[in-house]
Amino acid sequence: MSNGNLTLKETFFRGIWKENPVAYQVLGICSALAVTVQMKTAIVMGIALTLVTGASNLIISLLRKQIPPTIRIIVELTVIASLVIVIDQVLQAFLYDISKQLSVFVGLIITNCIVLGRAEAFALANPPLPSLLDGLGNGLGYSLVLVAVAVVRELLGSGKLMGIAVVPQVWLEAGYAHMGLMTLAPGAFFIIGLLVWLKNSLPGASHEQK
Amino acid sequence: MNPLRKVFEKTDPYFKPPGQLSRFKGIYTATRTFFFLPSKVTGMAPHVRDHIDLKRFMSFVILALLPVTLFGMFNVGYQYHNGAAGVFEMFYTGARHVLPIIVVSYGVGFFWEILFATLRGHEVTEGFLVTGLLLPLTLPPTIPLWQVALGISFGVVMGKEVFGGTGRNLLNPALTARAFLFFSYPVSMSGNGVWRLPSPTVDAVGGATALSVGGTGGRIQEMVVDAGFSLERLFFGLHPGSIGETSAFLCFLGALFLMVTRVASFRIIIGGIVGVVVTAWGFLYLPGPTDTWFSAGPLFHLFSGGFALGISFMATDPVSAPGTDSGRWIYGFLIGFFTVLLRAVNPAYVEGVMLSILFMNIFAPLIDHISLKITAGRRIPNV
Amino acid sequence: MKPLKPGKTFQSKINGVPQGQATLLERPKTVALVPGASPFVKLKLLVGENDTVSVGTPLLQDKRDPKVLFLSPGGGRVAAIRRGARRVVQEVVIDLADDGAHEPALSFAPISPKALKAMSRMEVVNVLKLRGIWPLIRQFPFMDIPQESNGFPMAVVSLHSGERFNPVPSLFLKDQQAAFLHGLTVLQNLADRVVVTAPRSAMAPLKALGLAEQVTHVVQDAYPAGDPGVILYQIRKSAAENASCTMDPQELIAMGHLLSTGNVQCRRIYAVSGTPTRPASHYQTRTGTPVSHLVGPLKQGKGIVTGGVFTGTITSGDAHMGMGITTATVLDGVDTDAFFGFAWPGRRLLSESRTFLSCLESGSLGMDVTLHGEERACINCGWCDKKCPVDLLPQFIMKAASTGEMEEPLALGLLDCTGCGLCTFVCPSKIDLAGILALSKQTCYRERVMP
Amino acid sequence: MSESPRAKRIHAVKFALLVSVVCCLLITGASTGLSPLQQANKRLDRQKNILKAAGIITPDGTPSRIQIQALFQEKIETVAVDDAGNFMDPSQGQGLSLYLYREKKILKAYVIPIESRGLWGKIKGYIAFERDGKTVAGFTVYSHSETPGLGGEIEKAWFQKNFIGKKIYNAQNEFVSVSIAKGGIAALPETEQAHSVDGISGATLTGRYLTQGLKENLKQYESVSVKLRQAYQKKTVGNDMTTPPIKETN
């Protein structure tokens, strides 16, 4: 992962599109399967992860000169874990319903490779501001995929967007049915697969054509 | 000269590269070679070739499926009229409902086939002729046509084309399509109301399949017979179910035909039957509930549900099955084993055949890998 | 004389196989040295066009081993040197001197069987190289001209490959018993063990010729049971025996003749079939004879396959018969298409499958040199391994080879492939498995043996 | 860095300690600071479902926080019962929890928590009974993992409505629970219709497991129901139920 001479803007947008953590690095798939049945949970999860990645990158970057290399990983994990626990507590306090739906997956942000990956690959070697932007960019990239998957799954799976029914009743009466597969985890697999396919077939977006 | 040949020769220039319609070359070539099987002079040794080709190969599968399909149409009509109508009328009623499903399946599927063939610049492959007919046979007659279209699209695109097209697919496309429909639209694919057309003469509750019987105490074999599914009836097929699965007799007849002509591997079919018989027998002697399919015994397991259709026509799809002989035995056996296992211990998916075949599809490369390692190890090395 | 256990073979009966005694053809106008099949040989030309040569004059030399010579099959003038792709010499055509009685020929010192037995292996090898015989000995598994001369673990001489279009052993062995036996003595000097095989049907005539005791193994009367590679596969006991060698029986006779008399033997028996002007039969003429001399004038739409229908190549009439190639088969060969071709019952269609009515009838069927379908992706049907005489799984080797990998195909036995062509023949997807395997073998040779 | 290995090690230990202390403080702070809010959320969720089961709010209604709290405060009383069906002092350990719905001191219904096996996971909900102790007043499911469209229909109002008015005792006053029929109840004999609800087509097993689960759960509460039923027959419910009005404490 070269930090090279990227501008701050590039640092930020790289994570969102070109080197999207889900579509390009295929990280964070587990939670992308679990929380994308509804847009609401996907958005909250995306925000939570973006906050954690941004904050952890910032903190790690600030500490980067002090962290002893021997206990590097454990320090990173401690920082991330603490952030995740705080976020989880906040969700339980203020967004209880969503927290219930997200269940363990907020806690599992700790194991999300994106967070540790960015801390290791970027924050340890870069100043705070680019690190923060990189963290936020990657978090947003993850959120982007999550929301995209959730839009498809919620629309096809239960005919709703953000919990609001959008499929007209007339359709349902005419024989339209919701696609149950989309509410199951394999549905997300297919959607993510298709998204990666789509992204790679867009001109200039495929890492294979680099 | 054949008048059709004249037509093709006249239209030929339009579809050849500089022609205006050259972008539809795929569909043109597919049509032309369907009517006129080409036979070009060989370029490389051996210069002599067998007369068998993929069109012949696949047409034999279609041939074997034909009685199953026709009987399926008849049975759909028979269930609708509850047997109280003329043979022709029953067949006509069935055909009126089944043919649209087949037409949609073929039509939509061919659209994708041709699209991908054109994009990738290869010929339209014959394997789809089988896929397009197999899917309707696994569906209930009440399935909405748009779901058929969606299902076959998923089967062809996600089950086959994403892997690189015919020959590279891991899963049987027809079963992939069916699994997609099963999980996407469970209401159209399961329950008691979907296996028989809504009929004025018979109430829908009577449309249960044999596999949904059980669980209310008593002995399963008697319960199944009491529910109207005597072994004889299950074997010959005049009972509600998917369009093509009801007649175990005709399915096994097709299997026999395919085995004799060697189009399908007898190892898979026999292995599957042995798997069912052995496993069902095993369960019969295991302590367990006597009122579920756990203890239904080999014959009921063999003749009910989609096992006969699945093992004869889906499991034997060579692309998604192992390519080694020993692998085929194991593959067939395990399909039989898992079919009974699913029926016995997970009554939620009473129809375990689809999932067992798909499951074993995924393991086919592994089975091949192991059996190749073993065969290679037995050879006197020559390196 | 042990019978080998029956293996996987080609089962259908074929029309128009050559029968009957050998007819002597008139002397051809030209003959040619066609160095032939080894893809690894690097040739150096020793003569130019219009040079005058005798029978036995060296025409070509293997650059890898300059002692390996290719001798002229005729006396006269070098009329043309034909080259193929990358300017590789394909044919050195010689206009025979007009008068057959005075054709110039070199002669060598004869070597008696006794003298032969007294010679060391090295000496024998040198004699064979200088007398143009060495290129006709081929070593497994690449069927290359042997590069080392420390002898072979085994020499396999198959009198008949089992393919019906090949010459019948009793015809070319007739009156050549002494030369044949002398040839075997040479091989016995070179190899630790000499294996001679013949199909069951050839045993009675061989007995009449007094050669039955020479046959060590009796094989099935079917193709490719008599293929030397298949025989090696069946009788080999250890990996070391993979480096065995083989030789065409007619060339073995020629070798015996040359060593015992000192003169190059130019006569060969050819099996010819499918020509409009001649009955399918055996014909005696010179080695390197023009193909048109054997098959006569042909109409358009015919393909001439020389070297057996499964392994041979399509040649034109003005080409010459290659070294060690003794069959010419004329078959129909135009692009056609059949109306509803896949739907006909097929009472007269040759197929090893059981998808045509012909499988129920016992009559023999015709062949032609067309594909009978279109090429498709492999559908994993496994028919190729049902026909492979050396128990390979051609489709898996093909797939492994297509990834550019070499370990996997080798582990699966790629080098045992004898190139019999049956896998390609039966493939319903019309994939040229045998060709792909042969190409992989060549790649393997280039990567590992001769980098 | 040119420090000695020993210095490096000491630095690492110091650093680790520092990070741990900071993180501990952070987490503890968040946890304690937010705990009351979280507890309130949990309580509210349960209260909402109890209210739904008792029929105080409609199944698809979305009342505000305040409304829920007010309604619960006003109408629901949380009690615990021992195995014999007597109300007990919560200080005497864990009994079976039970919620009483009183309207102006008169017992209208009582709510029993249900936890049943489902096809794919646990089904959790509440079932409410009229004060006669045998008529179902309402049924809710708030957590399950059944197949959407099949077993998943148990969370739908149409299915839950069917429970209302069903009896858990037969004519001979024997406990029979309520069962989910396979298919419609129209096909059942008259005597069984009162204890059965229409099943969900294609979800026979979910129905079967839920039937079993209801039976087991209700059996546990059988003694309470019997007591309440006897009290109801004596027309004394609400008057002689002189149990201490235990308020929700947590």
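First chain written, first letter: the chains are A, B, C and D, and each begins at residue 1.
Operating definition for what follows: a residue touches a chain if its C-beta (ideal position, glycine included) is under 8 Å from a C-beta of that chain, and two chains touch if they have at least 3 such contacts.
Keep in mind it's a predicted model, so treat the numbers as computed, not measured.
Taking the mean of each chain's C-alpha atoms, the chain closest to the overall C-alpha centroid is B.
Remark: subunit C and subunit D have CA centroids separated by 87 Å (rounded to whole angstrom). For this pair, subunit B with subunit C, the centres built from the Cα atoms lie 46 Å apart.
Averaging Cα coordinates per chain places subunit A and subunit C 66 Å apart. The set of subunit D residues that touch two or more partner chains comprises 147-149. Shown for subunit A are the residues that touch two or more other chains, namely 177, 180.
Of all residues in subunit B, those touching 2 or more other chains are 185-187, listed in ascending order. Because contacts link the chains in a way that matches no line, ring, star or complete pattern, their graph is best described as other. Working note: touching chain pairs come out as A-B, A-D, B-C, B-D. Subunit A meets subunit D in the complex at residues 66-68, 70-71, 74-75, 78-79, 81-82, 85-86, 89-90, 92-94, 96-97, 100, 157-158, 177-178, 180, 183. On subunit B, the positions that touch subunit A within their shared complex are 144, 146-147, 158, 162, 180, 183-188.
Chain contact summary for the complex, subunit A toward subunit B: residues 175-177, 179-182, 184, 186, 190, 193, 197. For subunit D in complex with subunit B, the touching residues are 119-120, 147-150, 182-184, 187, 201-205, 208.
Of all residues in subunit B, those touching subunit C in their complex are 2, 4-5, 33, 35-42, 44-57, 59-60, 122-123, 125-127, 165-168, 260-263, 265, 318-319, 321, 323-325, 368, 372, 375-376, 379-383.
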